[in-house]
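One chain, chain A, links the two complexes that follow: it is found with chain B in the first and with chain C in the second.
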Partner chain A sequence: MTAALRQLAVCYRLQLRALSTSWFDGPLAIFFPLMFATAALLVYRIHGDEAAMQYAGLGAAVMGMWTCQGVVASSLLQRERWAGTLELVVVAPVSLARVLIPMTSAMATIGIYCVVVTVLWERWVFDLPLQVESWPWFVVSLLMAAATLSLFGYFLSVTVVRYRSSWSLGAALEYPGWLLCGFLVPVDLLPDWLHPLSWAIPTTWAMAAVREAAAGTSPVRDLGVCLVIGVAYAVLAAWLGRRLLESARRHATLALT
Partner chain B sequence: MEAIDLRRDFRSRSGVRRTSRTVEAVKGVSFAIEPGELFGLLGPNGAGKTTTIKMLITLLLPTSGTARVLGRDVVDDVREVRRRIGYVFGGDRGLYERLSGLDNLRYFSELYGVAPRDQRRRIAELLELVGLTGRERERVEGYSRGMRQRLHIARGLLHDPEVLFLDEPSIGIDPVGARELRATIGALRDQGKTVLLTTHYMFEADELCDRIAVIRAGEIVASGTPAELKRRVSGARVVEVETFGVSDEAVAGLRELSGVESVVVEERDQSRMLIIRCAPDAEVTQPVLARLEGTGVGRVSTREPTLEDAYVELVSGE
Partner chain C sequence: MTSLRIFFVGGLMSYRAMFNWLSPWILIPSMVVSPICQVLLFAYIGRSAGVGSDAFYVIGNALNYAAIPCLFAMGATIQGERDGHTLGVVLTSPARRLPLFLGRALPVVVNGWGVAMVGVLAGTLLLGVRIPGSAWPGLLVVVVAASASCTGLGLAMGALALRVRESAVLGNVLFCLLLVFSGVNVARADLPPWMGHVGGWLPLSHAIEAARGVAAGSGLGDVSGLLVRELGVGAIYTAAGLLLLSYFEDESRRRATLERT
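Up next is the complex of A and B:
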C-alpha cells in the first residue's frame, strides 16, 4: 500500500514537472480558457445583472478546468504513443491505472491553476470579486472537481487507447461539456432528455457544489454524488483498461503512430 | 527462454468495401536461448524480428504456438514475465523529453517496482555503466541519439531483469556511439544477463552474439554460432562488380554462368554493385564481364567471403 502510494506520488510529481516545464501545456494552458471566460463575461455584462455575473464568473472559472484537463485527457495515451512510451508503460508490471492516474492528476493540478488565474482575471479585468460565503467548502468543491475530473479523464483516456484519432473525441466533448456541466447556463434550462447526460458527468455535480459553497448552502450532497460518480468512472476504467489492453495485444494497436 | 512454433498473423482492412487481408508476420518460429546467452535475431526490415520480440515481452498475443520466458508462459503469466524482463528498442522515442535523464530513470524505477532504498544506488550504477554520469540532470530533449540510446539501456536495466530484449538498439547511431553501445551490451553479457538482440548489422551480431538465428519473411532460415554461419560460405570466393544501369535480365544471365553460385545486387547511390559468389576454383571474372558487354562497368575486385555475405545470401534467398 505504501509502495503504491509512493509510486503514485512520485509519478504525479514527475508528470507535473513535465507538464509545467512546457509553456504550452503549463503556463500558457490558461490562454484558451481565459479567452472563453472573457467572451462569456462580456456577453453577461450587457445586462448589468450582478447575480448573473457572479453565476458566469464561477462557471467560467471551472470551465477552464474542463477545457484544459477533461478534453486533453482523451488524447493522453495518444501523447504516450507519439512519445514511444506507451509500450513501455504497458509492459511495466503495474496496472495501467497506476500509470494514468498520476498523469490525469497532474493535469488536474494545471486545471486548478487555470481556476485561480481565471478568478484573478475576472477580478482585475471585469472588476468582479467572487462572493463566496464558505471558502472552506468552496476550496473542497474545487478540489473535488479536480480529483473527479482526473478520474473521468482516466476513463476517457482508457476508452480510446486503441484509436489513433482519440484527440477528436476530446475536441467533440469540449463545447457540449460547457452546456452539460452547467458552467454558463443552468442545467435545468436544457431539454429534459439531456439531463441524464449532465448527471452522468461528475463535473456537473462539482459545479453545483461550487455554487452551493459560494451561496453559503451545504454542498455535501452534491460532493457525495460527484465522488460516487467519479469513483464509478475509475472502476469502470480499470475494468475497461484490462479488456482493451487485452484487445490491443490481440489486434496489435499499441504501437500505432 | 524458448519459442515453439510461434506464429502471428495481422489482419488489415482496406478499400471502400473494407476488404480483409491477412498477413503472416511470423510463420512458426522456434528457438531456445540458454541462461546467460547473448542470442541474435538477424533479418532485414519486415522479417518478423520485432513481432517475435513483442510476443515474447507480452505486448502481442501469438496467433498460435507457445513461448516461455524463465519458465513462464508469455500468454498466461503476463505479470510475472514483465517483472523479470527488460525491453529496450532503438530510435529516438521512448523517453519523456521534457524530463531530465535522472527523472526518466526515477519515473520508470517506480513503475518497475525498484525499492525506494535501492533507487539512488541503482540509478547511479546504471548511469556509470552507460557513461551518462554528469549529464543526468540535463533534459533528454538535449541529448544526442547515442545518449538517448544509452539512457534507454539504463532504463531497461533498472529493475535488474534476468532477461533483456534489445530491439535494434544501435539503429541510427553514429559509429562511435554504436561502438560504445556494443561495449555496454558486451558488459551485460559478462554480467551473466540473458540477452535477445535483434539487429540487421552483421558485424554487430558477429562481435556480440554467442548464437545467431537469421529470420527471413517470418521464418528462421539458419541458426548457429557466427563461426558456423561463416562456414556456410567458406571456400568460396566473391567477385564484386560495380555497374551502371545493369538490367535485371543481365543479372539473371550471370546466374546461369558456370561456377557462379549466387548473385546479389546492392543498390548504391549512382550504381548497382553485383556481389557474385563463385566456386573456389572457378574463373568467372572474364565470363561475367563478357556478359555485361554494353553495360557501364566500374571497379571490379575479388575477395574472400565474409559473414555478411552469408547473411545477405540467407535473407535474399539466393
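Up next is the complex of A and C:
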C-alpha cells in the first residue's frame, strides 16, 4: 500500500515538474483559455447584465481545466513514444493506469492554477468578484472536476494511442468541450441532439455542481453523477489500455511513429 | 528569372516540406474542424449573451482562424529549416532573400484564405446565416487581404523563430491577441478605447470590418479604405519580418548561433 502510494506520488510530482517547466504545457495552457475567457466576457459585458456576467465568469474560470487536460492527455502516450520512453512505461511493473492517472492528475493541477489565475483576472481586469454562496461545496466541486477530468484524460490518452497525430485531435476537442460542457453557454441552448453528448462528459456535471455551489443549493446530485461517469471512463480506459497494449505487443507496433 | 523560380517553385517546395499539417490526419482536425467549432462557440456565446448576430461571429471568427496557418506555417517554414539542420545551407545559398522568404509566404496566404472560407461557408450553412450572392466575390477579395496581412505578421514571427525557441507558444500568444484586440467578437468601437487603438495596428482588424460591411451589402469600393489600411498593416509587418530576418542572419553568423536550439 505504501509502495503504491509512493509510486503514485513520484509519478505525479515528476509529471507536474515536467509540465511546469514547459512553456507550452504550463504558462500557455493557462494563457490560452484565459484569452478566450476574456473574449467571452467582453461579449457578455456589452449589456452590463450582472447575472449574465456572473454566469460567464464562473464558466470562464473553469473552462481552462478542460484545455489543460484535453490537448496534453491526447498526446500523452505519443509524447512518450517520441521521447523513446513508451517501452519503459509499458514494461514498468505496475499497471498502465497507475502510471497514466498520476500524469493526468498533474495536468488537472495545472487546470486548478488556471482557475485561480482566471478568478483573479476577472476580479482585477473586469471588476467581477465571483459571488459564491457555499465556498466549501465550490471547492469540492472544483476538486471533483479536476479528479474526473484526470480520469477522462486517462481515457483520452489510451483511446488515441494508435492515432499518430493525436495532438491535433486533442487540440480539435478544445472548442467542442468548451461548448458542450456548459462553461459559457447553457447546455439547454444547444441543439437537442447534442444534449446526450454533453451529459456524457463528467465536466458538464462538475460545472453544474460549481453553479449549484455558487447559488447556494446542494450540488450533491451533480457531483454524484460526475463521479459515476468519471469512474466509468476510467474502467473503460483500463480495459481499452490492456487490449491496445496486447495488440501492440502482438503486432510489434508499440514504437510506431 | 532565377528570382521568379525561387519565389514560386522554391516557395511551394519549402511549404510542402516544412509544413507538416499537409497530412490529412492533422489538416482536417486543425484546419477544418477547429475553425468551424470556434465559429459555433462564439455564435452560441453571442446568442446566450443576446449580443450581435450570427453573421457577425461567423465573419469575425472565420477570418480570425486564418491566423493559425498564416502564423504557424510561416513560423514552420523558417524554424523547420533549423530543426532539419538545413538553415545553414539555405542561408549560404546565393539566392536573393526577398524571393526566398516571400515565396514561402504565397502558399501560406492561399492556405489562410482557404481556412477562413471553410469557416465562413460552414458557419453560414450550419447557423442559417444568409449572405447575398452578390457579396461573395467581394468577400473572397477581402479574405485574401486578411490572409496576406496576417502572413506578414507570420513572417515577422518566423524571423523571431530564429532566436526564440518556443515558436509554437509565440504563435498561440499572437493568435490570442488577435482574437481579443482585432474586433473578432466585439466591434472595435465597443472595446475599451486603448484596445481598439491597439487593434488598429494589428492584422485582421480592418479586414474583419470590411468583410462585415461587404456581407451586409456594401460594395468593395465602399470598404476600399479599410482594405488599403489592412494591406498597409500587413506590409509593415512584412517589412519588419524581412528586416528581422536580415538582422538575425547577420548576428547568427557573427555569434555562431545559427544552429542553436
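Heads up, the rule we're going with is that the second predicted complex is superposed on the first by the 254 of 257 C-alpha atoms of A that agree within 3 Å, B and C clash if a C-alpha of one lies under 4 Å from a C-alpha of the other, contacts with A are read in each partner's own complex, and residues count from 1 in each chain.
The rule we apply is simple: a residue touches a chain if its C-beta (ideal position, glycine included) is under 8 Å from a C-beta of that chain, and two chains touch if they have at least 3 such contacts.
None of these values were measured; they are calculated from a predicted model.
K.L.:
Look at A:Arg243 in the shared chain and tell me whether it touches chain B only, chain C only, both, or neither; answer first, second, both or neither.
P.N.:
Neither partner.
K.L.:
When the two structures are overlaid on chain A, which partner does A:Arg123 contact: first (chain B), second (chain C), both, or neither?
P.N.:
After superposing on A, A:Arg123 lies clear of both chain B and chain C.
K.L.:
If we overlay the two complexes on their shared chain A, which of chain B and chain C does A:Arg221 touch? Say first, second, both or neither.
P.N.:
Touch status of A:Arg221: no partner.
K.L.:
After the superposition on A, what does A:Val185 contact: first (chain B), second (chain C), both or neither?
P.N.:
Second partner only.
K.L.:
Tell me which partner A:Arg17 touches in the superposition: chain B (first), chain C (second), both or neither.
P.N.:
Once the two structures are laid over each other on A, A:Arg17 reaches chain B alone.
K.L.:
So, A:Leu28: does it touch chain B (first), chain C (second), both, or neither?
P.N.:
It touches chain C, and chain B stays clear.
K.L.:
Intersection of chain A residues contacting chain B with those contacting chain C?
P.N.:
No residue of chain A touches both chain B and chain C.
K.L.:
For the complex, which residues does chain A have touching chain C?
P.N.:
23-24, 27-28, 31-32, 35-36, 38-40, 42-44, 46-47, 52, 56, 163-165, 168-169, 171-172, 174-176, 178-179, 184-186, 189-190
K.L.:
Under the definition above, what is the set of chain C residues touching chain A in their complex?
P.N.:
Interface residues on the chain C side: 21, 23, 25-26, 29-30, 33-34, 37-38, 40-42, 44-52, 166, 168-169, 172-173, 176-177, 179-180, 184-186, 190-191.
K.L.:
Quick check: in the complex, which residue numbers of chain A touch chain B?
P.N.:
Contacts found on chain A: 3, 6-7, 10-11, 14, 17-18, 21-22, 82-85, 87-94, 98-99, 249-250, 252, 254-255.
K.L.:
In their shared complex, at which residues does chain B touch chain A?
P.N.:
Within the complex, chain B contacts chain A at residues 10, 54, 57-61, 79, 82-83, 87, 89, 91-99, 103, 106-108, 110-113, 116, 139, 155.
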